[in-house]
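Common to both upcoming complexes is chain A, partnered first by chain B, then by chain C.
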Partner chain A sequence: MHKSWMKRQSRLGYLFIGPNMIGVLLFFIIPAVYSFYLMFTDYKFMSPETHFVGLDNIRRMLNDDLFGVALRNTFVFLLAVPVSMGLAFIVAVALNKSVYWQKTLRALYFMPYITSGVAIAFVWMLLFQPTSGPINGFLRGIGIANPPGWLSTTEWSMYAIDIIWIWFMLGYNMIIYLAALQEIPEELVEAAKIDGARPWQTIRQVIWPLVSPTTFLLLITGLIMTIKNFGIIQAITQGGPGNSTTVLSLFIYQNAFRYYEMGYAAAISWALFAIIMVFTVMQWLGQKRWVHY
Partner chain B sequence: MRIKKGLTGLIVGALMLGLLAGCVGKNETNGGDNGGGAAGGKVKLTMWGAVPPENGPQEVVDTWNAEHPDIQVEYVRFVNDDDGNLKLDTALSTGQNVDLYVNYTLTNLDKRIKGGTALDLGEFTDYNIDEKMGEDAASWKVDGKYYGMPTKKNAAFFALNMKALDQAGLSVPKAWTWDEAREYALKLKASGFKYGLVQHTASYVDPLDSVLVKNGYVKADGTSNLDDPLVTKWLETLNGMMKEDATTPPLGEQLTSKMPVENMFLGGESAMINIGEWLIRTSNNMTEFPRDWKIAFAPVPRLAAQEADMVKSGGLGDFIAINSKSKNKEAAWEFLKWYADGGMMPMAAGGRLPSSNAVDQQTAIDHLLGDYADSYDKESLEFVLYGDETPTFVRSIAQEVVDLRAQEYEKFFLGNQTAEVTVQNMVKRHNDWLKQNQ
Partner chain C sequence: MEKPIATNAKPTAPHVPKGKVRMESLTQIRKIILTILMSGFALLMIMPFIWMISTSFKSPADVFTYPIQWIPSSLNWEHHIKVWSGADTFATYYLNSLKISLISTIGAVFLSAFAAYGFARIQFKGRETLFLIYLSMMMVPPQVLFVPKFLMFEWVGIYNTHWALILPGMFTIFGVFMLRQFFLSVPSEISEAAFIDGAGHLRIFFRLILPLAKPALATLAIIDFSWHWNDYENALVFLIDKDLYTVPLGLQNFILENNVDYNGMMAAATAGIIPMIIVFLVGQHYIIQGVAGSAVKG
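The block that comes next holds the complex of A and B.
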């Protein structure tokens, strides 16, 4: 009697998660397994024949100069994550206190995050315009005779993308930090004050450790989000000029949907997966040193 | 985040659409909805093209539908970029309703033929494509067969500000070299223009392809021919125009501002533009781009010293294929013939001149120029469209090669590497690619 009730219960349970499981199976698990298989084939979309090629795609990837370039660009892109988080923390601390226009400022900082990517791309292209754009106009105004060419040069383009990405992520990081700051018990800050801590000391020794779980969360999600992102780069530079802004995710997109080299793209995807995995594991292992729950 | 979501959504959506459409397609044939003649005499065709419906295609199919109640055509637009072509390819390979579709590059066509989705038109004997379309059509043949029909005359040319030419005492050239064009640009700039020449980034490489089509992309020993001396010549000429003469915009500036080169030419900022027949669509728009001067036309200059060595970009375009899985091949063929032989005329106003000799040249030009015929130098226009006997080509190299070339010459024009290194890198990467794809 009890057993059959359990059985019925669990059957009911499966029924409830069923639709979702089908979705996960169809759109996550099967494609993932399939792409793992594709990695070992020369499958080209629209091409009638597919052969098993073993490790050829992986070998090709390791010998591909462009893969190296994309890898390096990806790491430069990732610099945006800690910078954006640092700035977001400062802004959040400032906005957590009662300052003028607090709500308006919060909304303004969050605005980029909810703005259409294409609009962002166009606005920033105008801002970064090397000769007539306002950013270089300003830099010239404060006495820099030869401001960088930003998106129009291979040396600066990736950093220009970083700046856009920092600006884009700032609002999101700030909101999460704000939430964390509000959780901090007032007594702790008060106690620090009584002990004679200066504001900067309070932030560094009390507030920062207390929000470390949030920092950890933002770091992991931020790195994953950034490493996977290609939309903003596709909209602004398409990986150029030259190949100075081709990051791994864009490289995958180009191989898969521009050249239809699905097998090769699958191999790079798994390399990207491995990189994200390594990053995440490293952070999980490292968190004990600095994350305080 | 939002963009990323959007794009992921798009890809997932495309995959899903493929799956769903696969089922739907089958159901429909079973249900007889798309079953053609058998169901009740009414055939429904779907044609995929990249021109927005309001720029001609809608009028074309409306005209056809009115005359042919038994064969109704529906026009579906896809955007001719990576995403759009992926959408069409997905539709083709999953058996959605695509009866006719337009190919804009040989590269894309090639994939679709390999995928078994383009019908060999050799099975129809009542229309001779070579005769109707002329010699240029042959560059669209794959393995000696027509897997579709080229319908439009491509024209690449320099459009010139005739008033400026007259003032500078320059004549409209009928054949010229890049060195001469560079001189023109200098003189025209001196007469008060910001730039002598502007061009779309898409037209940048035409001179390169001219050289390589003539001399071969690949040498006899199977290695890359991208180190042809004329490639270096091209790099240095354009670089000189950007940096020494300042007669053409620096590439970096052009890329980052997505420079609206047509507007610059029509607005009097530049005296010449390297462009094609689609310029007319903008230059006929006198309300937005008013001008009090005539536009003259010249062939694109050549890098080679000898006129006989020139092969110019052009040929025919809008290559319409019939899906080999279509249920209504005969009806599609009827429509295609009608379209090519003048049915497409409403599209001429947007620059799409019919290539079939069944269409009168004069009528086509009249459609093209519309109400503003007087604002063009007709003689030079007729020369670049119909008079110039220079052989033409349609670019046929793989997208990968187009891209790797662009990545290397961009670095050169931005001053990151010398012309010599650029050529070496192009050759190396081209060779790698050749090895990969032998």
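The block that comes next holds the complex of A and C.
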């Protein structure tokens, strides 16, 4: 009787996950396997023949100067993550208790995160307008005679994107920090106060260590989220000027759908996967060791 | 977690020494200062939106006047009219986005709930392995999947149709994770009692668990809807015809065709953002809860 019960359970289990599994198979697993195969071919869209080329795509990637540029830009892009987290932590601590209008303020900070990336991309494009845009207008107003050219110059464009990304992610990071802060037992903070700790000391020596698991989690998930993103950059600069804002994820898109070099694009996309894998393993190990719960 | 303001400012009982009263008013002052500071910073955060809306009503000559003109000297509606009329109108983009987002979201919530119940509540062979495969799929970046999906959709004939966005949109691994988490937290005594009464899994799922999960389902629905509404990358890869464009693509198209009309650009951006702001204001609680819950517990 027990055996048949188990069998029935199994059938029911598959019945429940079946519909979803079909989709996951069709739109995740099969494409992933197929992409893995494409990595070893010279597949170009509309080209008559496809050959198996072994590791050629990977070799090509490692010798491609543009790949190096894209990788460097990606790292500059990733700098936005810790900066945004730092600001978010400060905001979260301030909003946690000692402020009026908590809910309204929280919503205002979170607003950028829910809006369309493309729409805000175009707003920032105008804000960063080099000759007469409001940001440079303000900078000139406070006495900076030659403000940066932002999105129009190769040396500043990636940092301009960083600023937009810091702004975009801040609300998300803040919400997660707030959730973590609310888990901290009131007594610990009270005890520090009674021991004569100043607010700054309490934050540094009590609150900050207690939210370290959250900091770690936000860092890793933020890096993963950022490294995958290319929509905002595609909308504002398409990777320019020059290739100064071509990040890895955008580079893949361009190779696949602008140059139709799909085999090559597949190879780079697996390089991206490898980087994400490293972050994921770090997160997994970090949960066990680095972070104290 | 959140104290009503009144409890913090409560007048002290008679036996409390004077020093304590001074402390209270000191924290009060600190609170006011902090509120002002944080409001200022919050204003800075939403400044781009305010500038966007105000610019959409300005005359072209006033776009870049400095100091910034926050309130336009006259209300020019013509830019908004331009966005909503003409051959490529935002009305079309809205309808397309609404169709895609709604169908995808309804499908995703339902299919995720089903699978999540299976993973959380039914013992079956290979469950752990399957769950691990699901887990690993979350690591695969969308870029890996774009080319094969493009070829697949071409082959099946749904490339450049709304199905190319709707069908994959109905499957969200994140949704399965989130709801599984929730179903695990429902005490098992509830279903055990129903089992004894002779109910099966299907009945328990529909009659007991789904009603209990309403807040979690709403959270997933709102988050999922906002993803679909804002999704630019998939639309960029899988749609070509202008009459199929979603709001983000329509916005990009408008700006490509009107790249010197700054007022028009901002009117278009406003049109692109307003729906999500409304959704956010209505479902704020769910969105924030869902975002916070998924990261901290997941």
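FYI, the second predicted complex is superposed on the first by the 280 of 293 C-alpha atoms of A that agree within 3 Å, B and C clash if a C-alpha of one lies under 4 Å from a C-alpha of the other, contacts with A are read in each partner's own complex, and residues count from 1 in each chain.
The rule is short, and it goes like this: a residue touches a chain if its C-beta (ideal position, glycine included) is under 8 Å from a C-beta of that chain, and two chains touch if they have at least 3 such contacts.
Quick caveat, the model's predicted, so the values are computed rather than measured.
Trainee: Contacts for A:145 in the overlay, against chain B (first) and chain C (second): which applies, first, second, both or neither?
Mentor: It touches nothing on chain B or chain C.
Trainee: So, does A:280 touch the first partner chain B, the second partner chain C, both, or neither?
Mentor: Touch partner of A:280: chain C, not chain B.
Trainee: Check whether A:48 is in contact with chain B, with chain C, with both or with neither, and answer first, second, both or neither.
Mentor: A:48: touches chain B, not chain C.
Trainee: Once chain A of both complexes is superposed, is A:194 in touch with chain B (first), chain C (second), both, or neither?
Mentor: It touches nothing on chain B or chain C.
Trainee: Classify the contacts of A:116 with the two partner chains as first (chain B alone), second (chain C alone), both, or neither.
Mentor: In the superposed model, A:116 contacts both chain B and chain C.
Trainee: Report for A:262: first if it touches chain B alone, second if chain C alone, otherwise both or neither.
Mentor: A:262 contacts chain C only, not chain B.
Trainee: Quick check for you: in the superposed arrangement, does A:172 touch first (chain B), second (chain C), both or neither?
Mentor: Once the two structures are laid over each other on A, A:172 reaches both partners.
Trainee: Touch test for A:228: chain B only (first), chain C only (second), both, or neither?
Mentor: both
Trainee: Counting residues of chain A touched by each partner, does chain B or chain C come out ahead?
Mentor: Of chain B and chain C, more residues of chain A lie in contact with C.
Trainee: For A:129, using the defined touch cut-off, is the partner it touches chain B, chain C, both, or neither? Pick first, second, both or neither.
Mentor: It touches chain B and chain C both.
Trainee: Taking the contacts chain A makes with chain B in one complex and with chain C in the other, which residues are shared?
Mentor: Shared contact residues on chain A: 27, 31, 114-118, 126, 129, 172, 228, 230-231, 234-235, 257.
Trainee: Would you mind writing out the residues of chain A in touch with chain C in their complex?
Mentor: 6, 9-17, 19-21, 23-24, 27-32, 34-35, 38, 91, 94-95, 97-103, 105-112, 114-120, 122-124, 126-127, 129, 132-134, 137-138, 141, 167, 170-172, 175-176, 178-180, 182-183, 214, 217-218, 221, 227-228, 230-231, 234-235, 249, 252-253, 256-257, 262, 265-266, 268-270, 272-273, 276-277, 280
Trainee: Can you tell me which positions in chain C touch chain A when the two form their complex?
Mentor: So the residues of chain C in touch with chain A come to 1-3, 5, 27, 30-32, 34-35, 37-39, 41-43, 45-46, 48-49, 51-52, 55, 63-64, 66-68, 111-112, 114-115, 117-119, 122-125, 127, 130, 133-134, 137, 139-152, 167-168, 170-171, 173, 176, 200-201, 205, 226, 229-230, 232-233, 236-237, 247-248, 251-252, 255, 262, 265-266, 268-270, 272-273, 276-277, 279-281, 284, 287-288, 291-293, 295-296.
Trainee: Can you list the residues on chain B that touch chain A in the complex?
Mentor: Contacts found on chain B: 1-4, 6-7, 11-12, 15-16, 82-83, 86, 89, 92-93, 111-112, 114-117, 250-253, 255-258, 398-400, 403, 406-408, 410-411, 414, 416, 429, 436.
Trainee: Contact residues on chain A for chain B in the complex?
Mentor: 27, 31, 45-48, 60, 65, 113-118, 125-126, 128-131, 149-155, 168, 172, 225, 228-232, 234-235, 237, 240-243, 254, 257-260
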